[in-house]
Structures are given as C-alpha cells and as structure tokens.
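Okay, so subunit A shows up in both of these, paired with subunit B first and subunit C after.
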Partner chain A sequence: MARALVTGNYAAGYTLSLAGESNREAMGCAVGAYPITPQTEIIETVAAYKFSKGRMVAVESEHSAMAVCIGASLAGARAFTASSSNGLAYMVENVYMAGFYRLPIVMIAVNRTLGPPWNIWTDQSDSLMLRDTGWIQLYAAAHQDLVDAILLAFRIAEDHRVLLPVLVSMDGFLVSHTSGVVELPELEQVERYLPNLDLPHRLRHEHPVTVGGMTFPHETEHHRKGMIDAMDRVPEVLREAIEEFEPVFGRRPRGAMAADFTEDAETVLIACNTMSRTLKNVIRERRKRGEKIGMIETRMFRPLIEDELRAAIGPAKRVGILDRNISPGSGGVFWREITSALQGHSDVLVQDYLVGLGGGDVTPAIINEIIDDLVTRKRAVAPIWKEVAA
Partner chain B sequence: MTEITLFGRGGQGGVTLAKLVATTYFLRGKYVQAFGVYAAERSGAPIQAYVRISDEEITVHNQVRAPKHIIVLDRTLIGPHMLAGLRTDGWVILNTSEAPEAYAEVFRGRRVATIDATRIAVENGLGTKTVPIVNTTLLGAVARVYGLEVTDIEAALEEMKFGGGNVPAAKTAFDQVRMVELPGQPIVPVAGEGDERVLSLLDERLVGDEPTIHTGSWASRVPDRHELEPPCNHSCPAGNDVQGFIQALAKDKVDEALAILLKTTPFPGTCGRVCPAPCMDACNRNEYDAGINVRELERYTADHGKLPLPTKPHRKQPIAVVGSGPAGLAATYHLARLGYPVTLFEAGGELGGVMRTGIPAYRLPREILDREISFILRHGVTVRTGARVDRQRLLGLTNEFAATFVATGLQELRALNLGNLEPEFVEQGIDFLDHVRRGERALRGLDVVVVGGGNTAMDAARSARRVGAASVRVVYRRTRKEMPAIAEEIDEALAEGIQLHELVLPLEVRRNGSKPLLVCQRMKLGEPDESGRARPVPDTGPDAQFDLPCDRVILALGQSHDLSILPEGAEMHSEDGSVLLGLSGSPVLAGGDFATNEGTVTAAVGNGKRAAWHIHRTLTGEDLFPPPAKPLAAPEEISMHVFSRVPREEGVEMPPELRRRSFAEVRLGLVDDPGHRPALVEANRCFSCGVCNQCDRCVSYCPEGVLVRDGVGQYRFDYDYCKGCGVCSSQCPRGVIFMKDL
Partner chain C sequence: MSTVAETAHKPEHDCLLRPGSTNCAGCGMSLGLQWLDEALGENRPVMVIPACCGIVTAGKFPTTAYGVPTVAATFAAAAAVGTGVSVVQELNGDDHPVVCWAGDGGTYDIGLATISAAAERNENIIFFCYDNEIYGNTGGQRSSATPAGVRTTTTPFGKVETKKDIMSIMAAHRVPYAATLSLAHRDDFMRKLATARRTRGFRFLLMLSPCPTGWKSEPTQSVELVDYAVRSGLFPVYEVFGGTHYRINVRRDGTPVEEFTQRQRRYRGVDVDLDIVRAQIEQRWQFLETMERAFPVAEDRR
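What follows is the complex of A and B.
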C-alpha cells in the first residue's frame, strides 16, 4: 500500500489496470476506450500500463468501446472502460447489451453534464441516464472511496450470484482533476482480493453457442427475472466483499450508504459524491450548535437498498434530498427513488433541492441556506430549484 | 488548513505549479489538495488554481475563497480583485521584474515577494520558443517565501519528473526572490450584500451576456511579423535574390523568376552552370534532408525564361569599361540598364574573358555564353575588340569618359620549377584550355599530370581526357576537402576516370631511359596557414618520395595580378567593395579578379554590379546599395517538421562513358517530362527561410480566428482579441512570425 498524491483519474486508471493485470493467469484483460473530457486521463493511465496478458483497443467511438468490452468479456477476459456525458449517451445501446448479457464489465463514469448547452463540469445526469440498463451503480465521493469502489466493483460484478456490470461514478474535475492524497493498492493485494474471473457463460470453441439470439416472451420474462434476482443478491454479496476487503487492504470501505448523526436527528439530508462531504462539514458545524440534524451519503444507487435506507432515516421528521441531476417533468432522480422507497412505510416530509446543476460550486453557504429552509418547512413542495452559478 | 490561490493564464502551467506546491508539502507528510478551475477558454485565459495544506484529511472540495497566500504567474493579471477574500497574514508572490515596492498601493500593509521568473525560465530554456513556462521557476520563490528548503524543491521536482533546466531555474528563484513587508494598513474589501464570492470565470457576471471581453487584454506576449535574411541570399557573391527567384519558380512563373535574377546578374545561364554555389552550402534545408539545388534552378530559369526587351541609354555621361570578363560585362550591363552609354574595351578578339577561354565547353556551352553577352550588348553598348588599354591609354580614358571601370582579370600565371625541360613539356592550364578550345591540342596516348586543386585543374584534367590522354592524374598538396574546385566537378572528373592524388607535391621531372617520371613528395597537413586552411608539410616517413609516369605536366596553380596597366603613383583604396584609383581625371574603379582575386564568375559579377552602383552614386548621388542586411534566418528559426521529406532533384547528366571523348555539355539540367517537372518540384522544396510566401498556415492555425489576410496579401492581427497563444508563431514554417513582450 503506497500513500500517493494523485488525481482521481490517475487513481482510477491505476486501480483498473491492477485489476486487469491480476487476471493474467486466467483470460487476461481487455479495454475498449475512447477519450472524452474529463475522463481522458483514465484512458491515458490504462494505455500506459504494460499488461502481461491483455491490451487496450483504441476505437472510434464510445459505442465501439463498449462493444470491445462486451466481446472480450464474453470471451472470459476482465473488461473495463471509462467515459463521460455525451460519450455515455452514445454508448447507451451497448450499455444495455452488457447488462442484459450479464457481463461483469466495470466502467468509470466521470460525471459531466450532458450537453447542450455544452458544459464540461460535473452533474449526474449522465450516469443516471443509465439507471435502467441492468448495471449496478456506485458513487464515490473522493479519491479513497473511488479506489475502494473500483475494487469492490470487480468483486461484486464477477460473483456468480450477481454477474452484472458495475458503473463507478465520480465528480468530474472535483475528483477527476484534483490531486489528493490516497492509499493506492499493490498488485499483490489486488490479486489476493480478486479471484481469477470465471465467467460461466463465456464462449468456448469446444461448445459453440449463440448469445442474445431471438427469444419468445416467456424466455425473456425468465431472463429479466434472473436480473431481478441477481440485483436482490447484491446487498449480501456487497457485505461479504466489504468483510473480505479489510484483511487485504487494511481499511474498511464504506458500504451502500453511510449514515452520520442520524440516530437522534429530526432532519436528515441525503447527498452523494463530493457534495456529501461538503454537507458533512456543514452538519458537523450545525451539530456543534445543538441542532438535531444528520445525513446519509448514498454510495449505491442500483440496486437501491430500500430497507437499509429506511433504517438509516430512522425517526427523522424531515428529509432533504440534494439532487445534482434533473429529470425534466419529474424532478431529482434520487428524490423520486427515495420517495418511492418510503411509500407506505413513513409519513416523513421529503423535500427535493435541485442544486449544482451544470457543475456550479455548491458551497457550505448554499447548503446552509437549504438546511435553513428545510428545518422550518411544514410541508413538502415541488422540487426547489436552487441557483448556484459560480 | 492553509489555502493558496494561484492566478495565471491558460498554458502557463499554473495547475502544475499548484501540484508542485502540494507535492512539496505532501513529501513532508501533510495532507494536500491541488486543482484548477477548468473552463472552455484555453490558452491565455485567466485561470485560477488552488492548493490546500492540512494536518488532517481534507474534505473540502470548493474553490478557495479566502486564501492565506496568493501566487501570481502573470504580472498583467495583478489587480485589486486579488484582494477579495485575501487574508492579511500570508504572502503575495508575484512573477514580475519589479521590486515589491512597486505594488505599495494595491498590496499595502501586506507581505509581498517578487521574482522575475519569466527571465529565469527563458534563461534556462523552459517552455516553447513562443511561450516560456514559469511554474517550476516560481516553485523556488514559493519555497523560500514559505520557509522551505532547497532540498524540498529538489524532492518535489524529482517526484513530478522535472529535470533539466527546471532545477537550476528554481534554485535561482530561491536565491533571487525579494521579500518585503509593505507599510500601511491593508485594504480589505468587504463583500456586498449576499455576495461573498470572489469573481471567477464561472461567475454569472461573466457568462450569458454578449461577448464583451476583449480577450486581447489576456495577452502577455503578442505575435508580430518580421522578415529575415535567407541564408542563400546572404551568401550569394553576386547578391542574387535566390529565395525570390525560387519562390517565383515554385509558382511556375519562370519569366518572373528570370526577371528577379536579371535585377542583379546578366549571367544566370553561366552561373547556373559554373557557380560553386555557396548558397547551396548555406541552405537551411541541408539540416533537414538535402539543400535546394539552386544552381540547377538558376540554370533552368535562364534556359526557359523569356528575356525582356533591353533598355537603351538615355543618360549623357559616357562610361568606359576595360576588360570583358564577368566583372567588366556585369558592370557594363548594370551601367547600361541605368541608362549610361557604355564603351567596352577588350584586348582580345572575343568577349567573355575567362568564361570563354578558361571554362571548357562541356561545362559552359558557347551558345549560352554568347546569348548572355549578346543580351548585355543589346542595351546599347559600344564594343571595341582588339583594343588593349595600357597605362597611357587609361589616362586618356579619364578625360574622354565620365568614369572608367578596369577589370582586366589575372594575367600573371604562377609557375613551378620542375627542372630543365623542353618548353612543350610543361604548360599553363589556362593556355592549355584556350588551345583546346581552338582545337590546337591533342594528347593522344600520353600520361598527363595536372598540378593544382582548383577549377582550372579540374577543367584541364577533364579536357586532357577529352583530347586523348591515356591517363590523367591530378596531384594536389592538400586533401580533397581543401580543394577549391566545385565538389560536383571533382565527382564528375573522378567518374570520367581521372585519378586524384591527395597530399602530393611534385618536385622534379626525371628521365628513366626514354620515359619521363615525375618525382613526387608525400605531404601531410600541419597547422592552419593565414588562409585558415591546414598547411601542407612534407611527410618524412619511408616511401615519402615516389614517381609517377608523366609525358606532360599541366600547371593550374592560380594566377596573380598584372599591375602594368596602373599609372605610376596610382593610389588604390577600397570603398563598398570597389577599388578606387586615385587619378586626376574622372573616377577610375578597379574590380573583378584584378582587384579582389575572389576567383569565381559569380564574385566577379557581384563586384561589377557594385562598381556600377558606385559610379552611379558618384555621378548622380542616387544610392542603389541595399540597406544593411536583416538578421539571418538561422536553421532554428525554421519549423522544419511541417515540411515533407522530398528527395532533391539532381538533374540529368551524360553517362561518363559517353562524355570522355566529347566536349558536349555534361550536365543536361532539370529536364521537364510529361507529368514530371523536376524544376517545379525542386523549387517547391524551398523553405523560403525568413520570407513570407503567403502559405496562410498562420491563418489556418490561429485558434481564435483573429489573424486575417487581406486581398493584397497583407496579414493583420486583431490585437483586441489575440490572446498571445503563440500558435501562429510556432506554426510559421519560416520564422516570420515572432512573439514580442508587451
């Protein structure tokens, strides 16, 4: 384990590379990649790695990047890639393909606002666009969470009880381009943590099959049921992956969600990515003033572990959601999902705040304004659009 | 937690400096964070970067709004807006050549450090030729101001893999930074109601409106244009506009190319065959693939271009020119073109001097020489052949003519005593060549030795071959490298079977029975002599003397002046490349080999031209001498990588087996074929060093679209919007666009 000062992108590219290299005694690894701001440095880092068995394939588009990953993964290789924003949008057809083929591909989404208007800064409209593709989704708040989430991602994806691809998201620039201090793993540790990939349905010369061919409705029904069941098994597999993480890497990664100060909180705020760290600093200050206030960082969005979420909210009277994303005509995507999770279980007030869309700097002052609004709120209203601008 | 804000411009390395500062503290065990504010605007745009340093894990991800310290990479950014949120207990570090006291107003009451990082970076070769990169240099100043050690700088630079000039630059800044606590009360701006933010690029006040930002204000350096002297033009003894005529030829404008040459020389067809072409040695393209074949292009232009109609004299002052060699004819040509009635005096029966008598026809066909002389004469020149001018006649000319130019060449031939021999056994090369030209020499079956290393030696050797010699040996006391002959002519001679004996000095001819033998001494090279060439000294080893079979010796050891034409007491002094004779009548100038002994047709042509200008200035006061030369377009000014590698067009030559017995021209030049025009290809290889040829690459590459070419080929920078990114300068293939400091 080496303490290093690196960008989030480098940390991601480095960890991905070690994961790929650690499968060298099985079917190796493969990367299909196409650069896009702010993801590019990940691809550069992976491209510079000398794999013993495997390679990066430079392609002409994100659609083909995922196609390379699909083909390699079907052949049994550990496949991974990274993209952002409109690159992910172009990739979508094959993102579904990877999910529905049940391929344990890992992809990094460096969150960037979808254009137009053109914008390179962070919001989560790109990764949340992939909500229904059958991918597990993890959100990493900062550098160390990112490294850990990538290691967990391979472990969960390749577990035979799951066999689903995993998307790991981070904030563009705020993490991807920021140099921060992080413990980077050694190859030997990654090898201990990640067993060789054994894809049960991988293509074999001696047993030719067609994958993804035409089916009748009842066969597709069973296929979808298989995905539902796989998602249901993710919490259990994640718990195991966390338990086995600590002996190897010497620290305990955070789970599907992280609750702070919620035991006695009357007001709970929910956020993810770097915004959750700003939120935590604010809440710590307000707790010092005696306010009964807590927070939850949502680290896993797919599957959304609803009972864990309800337990974390506990006895709170008010819940505020910070959504750095928008589903026009609905509201924040996290808000809709969490509201549904609480339906029939609780009459807690849930208020949505759309904040930091397009990558604006969500400062402690802005979060304080939101909390000031929430703690006095008697009833919830339609999502509140909170302008940040700079 | 310590927070630092850096102010710089896109492309200056501000984010990297933030990372360097963070790395310095990281290596001291701190938690750190470094990031920039990224924006769509790139090079030259004001940017900010931030550093956080803490003893605990850093969980803040916002922009820094209340920095303890600020670091400014670009002095043009310095202003009161930097005070917003700035604490009073830190340091302001400025990249500027000025002392901290220069900022006593804006930063009053604050601790200010200044360092001329730009100069230090340039001195250490950091950055590109258009944009110096100052970040590693500034690290040195930062380390000193923050109380760090030189070892911290070295460790951080090594960690981030900065070597070379970065380390000494940072150390220099560490030593040179000036730190002052400015007097007075600090200005602490108070944020307006609900406005606690530092103005940044992302601020609503700077987005969404009409583009009112004149991005030209972001520039710290801006491009400008200048022309440089192409090395070919600089090295041409005739003063030809080599780059100019080749660029015309490149556009397939051969008549225009010829007109450019005719401004300076009446002998493009001759020089295009016999010039040693120092321009080809000077050509910058030698540093890339192979220099331009200028000689063949000049010949092509002369052979294919259409001669203009000659002018006629319109001035009253008659001029006399004595001697019809290249200097005399060139002076005649330029004087006639200036409108003077010129009378040309030639002692012999034919015009041309050494061009006719000394250069064999297989190198310079007579019809080419005749064509060029005829063109000169058609400018209304009066010719007097068989008119030897002695010193008495010269004094007479100064009374009849408004000015006289004497260029009678070199008439005295250097000799070598090889013993008591019959007269026909040893012959001077110049005489031999003249006899060959007249068809008066046959050397059938003889062993010939030519002594010398110049063009006359080569011409004599190759002519001897052509008139039947059984063997021809050239002996030279230095090595091939020191031979003054044109390199190509040496190659051609060797291809024709002529043997070259280097480091050999003939001593005497000895008879061995009926067969004469030339006794030779082996030489070796010693210290340089006054000409700068290594001095040959006798080799004292065994076998240092040897014999060569030899029926005939031809001497080509050079020539010297015959000064008998000069009146007694004539004082000679040089002025603008001409030699003036101090006589009582009208001005008399001397030139060509007679005065300068430069030894080439091309040098003589230039000399004759300058004499003509000199006479014109004396008679009219009009000065035609060009202004002082511009700075030379050195190879490093040329962006060679933008050019494709193209092999040099060498031209066609007759195979050696066909030319050994023939005086037909050996070189046939650049021959146009259907579908392939080598002259055009070769002209287009020219870099056009230091001279804009309107390639428009700068316009194509300007990322801001602020560089435009108007209808008449003038380029204009819109400095209101030019951010000084330097792309045009780095893309200019020929060094015309340079960056100047504001």
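What follows is the complex of A and C.
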C-alpha cells in the first residue's frame, strides 16, 4: 500500500487500471473512452497503463464509449469508462442498455453541470439524470472514499446476486482536480479482493443466444422485476464487500450512508459529495455550542436504502436536505426521494435547500444560514433557493 | 439397409439463420444471411445487429432464428459494440469473425459516425450493410440511401436528393476491403465473402437488398430485380482494396433501367426523369472505370 498525494482523477484512473489488470487471468479488460472536462485525466491515466491483457479504445463519442464497454462486457471482459455532464447525456441510450443487459460495467461520473449555458463546474444534474437506468450509484466525497468506492463497485457489480453496472461519482474540480493523500492499493491486493470476472450470460458459441431480441409485455415485466430484485440484494452484498475489504486493504470503507451525531439530534442535515464535508465541519462547531444537531452523508443513491435512512434520521424533528441539483417543476432530487422514503413512517418536517447549483461555492457561512433557518422552522415550504455565487 | 440416422443430413453446426425467421417473403436479407452462413463455414460468427429488421428477424424471446451468438445493439452503435466484442476476442486469441449486420439506416445515417470511427481505427470486424434503400422496419421512410425519384412515406411526392455514395465514403477511410454484393451473382458474392474472411481489419460489404414490402414489388422477383439493377448499371458490382484499388466484377450490358424501375410501385406516381437517372449511371461508371484503369487490382488478387 502506497500513501500518495494525488488528484481525484488520478486516483480514479489508477484504481480502474488495477481493477482491469487484475482480470488478466480471465478475459482481460477493455475500455471505451472519450474526453470531456473534468474527467479527461482519468482516461489519460488509464491510457498510460500497460495492461497485460487489456485495451483502451479511443472512440468518437460517449455513445460509442459505452457501446464498446457493452460489447466487451458481453464478450466476458471487465469493462469501465468515465464521463461527465453532456457526455453522460449523449451516452444515455447505451447507459440504459448496459443496465438492462445486466452488465457489471463501472463508470466514473465526474459531476459537472449540464449545459447550456456552458458551465464546467460541479453539480449533480448529470449523474442524477441517470437515476432510472438500472445502475447502482455511489458518491465519493473525498479522495480515499473514491478509491474505496471504485473497488467496492467492481465487487458489487460482478457479484452474481447483483450483476448491475455501477456509477461512481465525485465533484468535478473539488475532488477531480484537487490533490489529497490517499492509500493507493497494490495490484496484488486488488487481485485478492476482486475475483476473476465470470459473466454468466457472456457470448458463447456452444450456447448461442440472441441478447436483446424482442420481448412482449409479459417478458419485459419479468425482466424489470429481475432488476428490482437485484437492487434489493445490493445492501447485503455491499455489507459483505465492506467486511471483506478490511482484511485486504487494512481500512474500513464507508457504506451506503454515514451518520454523524444523529443519536440525540433534533435537527438532521442531509448532504452528498463534498458539501457533506463542509457540513460536517459546521456541525462540529455548532455541537460545541450545545446544539442538538446531526448529519447524514448519502453515499449510495441507487438503491436508496430507505430503512437505513429512516433509522439514521431517528427521532429528529426536522430534516434539511442540501440539493446540488434541480428537477425544474419539482425541486431537489434527493429531497423528493427522501421525502418519499419517510412517507407513512414519520411526520418529521423535511425542508429542501437548493444550493450550489452550477458549482457555486457552498461555504460554511451559507450552511450556517441554512441551519439557522431550519432550526426555527415550524413548517416546511417549497424548496428554498440559496443563491451562493456572487 | 440404411437407417434414417445414417442418411439424414447432419450439419456440423447450427445454421446461422434457422427456419422460422420473421422476414417477409422475398426479403433480400434472408438469402444474404444464408449465403453469409455458407461462406463462413466453420468460422462461426458473432452477429452484432442494431435496431432494424435484422434483429426483428430473430423473432420473439425466448426463441431466436439466429443460430450463432447475437447481440442487439442500439441503432447507432453496431460498429462500437462490435469493436468491444472484437477487442476481447483478440485479447483471448478467439478468431471467430465479428459481423455487424445493419440496414441502410444504421449504416448511411444514424450509424455513420460510429462506422467511420471503427473504420479509421481499422477494427477487426466485417460490417455488412443490407441496403433496402428505405427505413423498412418502421414502414418505409426515406433514408440517405433512397434513390432520387422514389416515393416513400416521408417523400410522398418522390425523393429529390440523390442516393449517398457510401462505398466512396468507406473507400476514403482506406479500409482494407470494401465490396458490393449482388444476390443475382452468387459466385461473385461467395468469393467476396471468402476475401473478406481472409482479410484482417475493417471490411465493408454492401448488398442491395430487395424489400418487396417497401419497394411494392413481387416477392418472387427479388433476385431478378437485383439482376436488372446490376445489368443496367444502377447497382455496380465492384470491390476496392485498401481504399484505392478498384475492380469492377460485373459489367453492365445495356439493359434499360426501366426493367428495374417498372417492376416496383415505389417508382410510380412520381415524375422520375429517367434521363437524369441514366446520366447518374453514366457518371458513376465513368468514375469507377477511371479508377479501375488508374489503380487496377493485381489480376491474381482474390
């Protein structure tokens, strides 16, 4: 294990490469890659890796990047890629195909605001657009979380109880282009942790099948039900993947969510990605002043483990959600989802705050303003817009 | 006395196109797939088929008319999905041919960027376009492969624009091998598939594929129609090696182009100026013959 100061993009590219290399005794690995800011350094890192049995194909579009991953995965190889923003939007049709074909592809989404107008900074409008594609979604708030999430991603995706692709997201620039101290894994460790990929439905001449032929409504219902069942098994498989992580890498990766100070909290804030780190600092300060306040960092959005979320919220009276995304005509995506999860279980007040859209800095001062509003709030109102950028 | 088991024909492998496909009667694809099967012999292909009649051919899950591993790709993505399969096969020393099987929509139109990129990278795949000059699967809309003058559901008064010259586009990519295939010239068809099989890298095959449903023609006349298209010079049968060296395989014989057009109701009810069509044929042949003279293929090259 090497301790290194690296960018988020490098950490992702390095970890992906080792995951690919570790499948060399099976069918190898393949990558379809297309550049887009702020993820480009990831595919550049992968391109520089000398695979024993692997190839990166520099294609002409994101649509084809995912298509190459689909073909490679169906042929039995470990396949992965990375993209951002409009690149993910262009890729969507094949993102669905990867999900619906139950292919254990891993993709890094470096969160970037969707254009137009053109904006390269972070928000989650891109990865949340992929909400219904049948992909598991993990979010990494920091560099080490990112490395660990990628390793967990392959492990979960390729488990025969799951067989679903995984999207691992991080904030553009705030993680992708900043450097952090990370325990980078060794190839030998990755090989121990990730078994050789064995895709049960890979293409075989001895048993020729037509993948993706026509089905009628009844078969389609069963196909979708199979995906729901697979999603339902993710929490169990994730728990096992975490348990088996520690003996190999010597540290414990974080799970679907991380709750802090929630045991006695009357007010709970929920946030994702780097906003959760700023939030944590603010909450620490306010707890020193005796405020009964806690937080939850959401690290897995699909599947959303609702019972774990409800347990984490506990007896709180108020919940505030920081959404760095927006569904026009509705509100924050996390807010809608979490409100639904609480429906019928709790009459806790849930207030949405739309903050940091388009990548504006969400500073401790902004978060303090939000908390000041929330702790005195008697009833929830429509999502509150917090304009943060000057 | 021999038993049934001894005399019955027992193929070495499952056929590529099994009985029971959903293809219309007279569909050029049905014959094309069988000839592809025969030409590849023991080299069983992996088929990658985008959204088109070719994937509907399989029929409804859980049955399939395809007797080889087959992947349905998204409409634009056959050449990229095929790339992924081919890359992994090469990494694992597997030399089964990867055949992308697409209609003109998935080749000339929505798939063009993907094909261009795969050709530029010289991926080891055979891209086979069955060109019925129409979006047949959706009921017969114009594509950029539809010839001028043809009536389709989106050109009810006749298409104005000329058919796109996809062969020249592929040749401009300097692909190792590109050829047009005629269902009326079986020996030439089989020889070209053998050449394609032997060649490494990106291979492009273009087959004129009659569509009685869209062309409003008699299913029994499909092969005859192709023959008229070839003999009149409307569909030149030729091959291009390395994108530069041309060989015309079947000469036109002066058959009037009306023999082709008059047997299809898609040409009726519109004012097709056959003089313009004839002029286009002349221009096309002048180009091909000039190329053949300037950059001939070595005679012994098969």
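One rule holds in what follows: the second predicted complex is superposed on the first by the 389 of 390 C-alpha atoms of A that agree within 3 Å, B and C clash if a C-alpha of one lies under 4 Å from a C-alpha of the other, contacts with A are read in each partner's own complex, and residues count from 1 in each chain.
Throughout what follows, contacts are C-beta pairs under 8 Å (C-beta built on N, C-alpha and C of every residue); 3 or more make two chains touch, one makes a residue touch a chain.
Worth saying up front: this structure is predicted, and the values here are computed from it rather than measured.
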Using the touch definition from the top, say if A:311 reaches subunit B (first), subunit C (second), both or neither. neither
Which chain, subunit B or subunit C, is in touch with more residues of subunit A? C
Taking the superposition on A as described, I'd like to know which of subunit B and subunit C A:187 touches: first, second, both or neither. neither
Contacts for A:63 in the overlay, against subunit B (first) and subunit C (second): which applies, first, second, both or neither? second
First, second, both or neither for A:360, with subunit B first and subunit C second: first
For the subunit C and subunit A complex, residues of the former touching the latter: 14, 44, 46, 48, 55-56, 58-62, 64, 66-74, 76-77, 79-92, 96, 113-114, 116-117, 121
Which residues of subunit B touch subunit A in their complex? 18-19, 22-23, 26, 31-36, 38, 40, 57-63, 65, 196-197, 200, 202-204
So in the complex, which bits of subunit A are touching subunit C? 27-28, 30, 32, 53-55, 57-61, 63-65, 67-77, 79, 93-94, 97, 203-205, 208-216, 219
Under the touch definition given earlier, write down the residues of subunit A that touch subunit B in their complex. 5, 38, 118, 120-121, 142, 171, 173-175, 177-181, 274, 277-278, 280-281, 360-365, 389-390
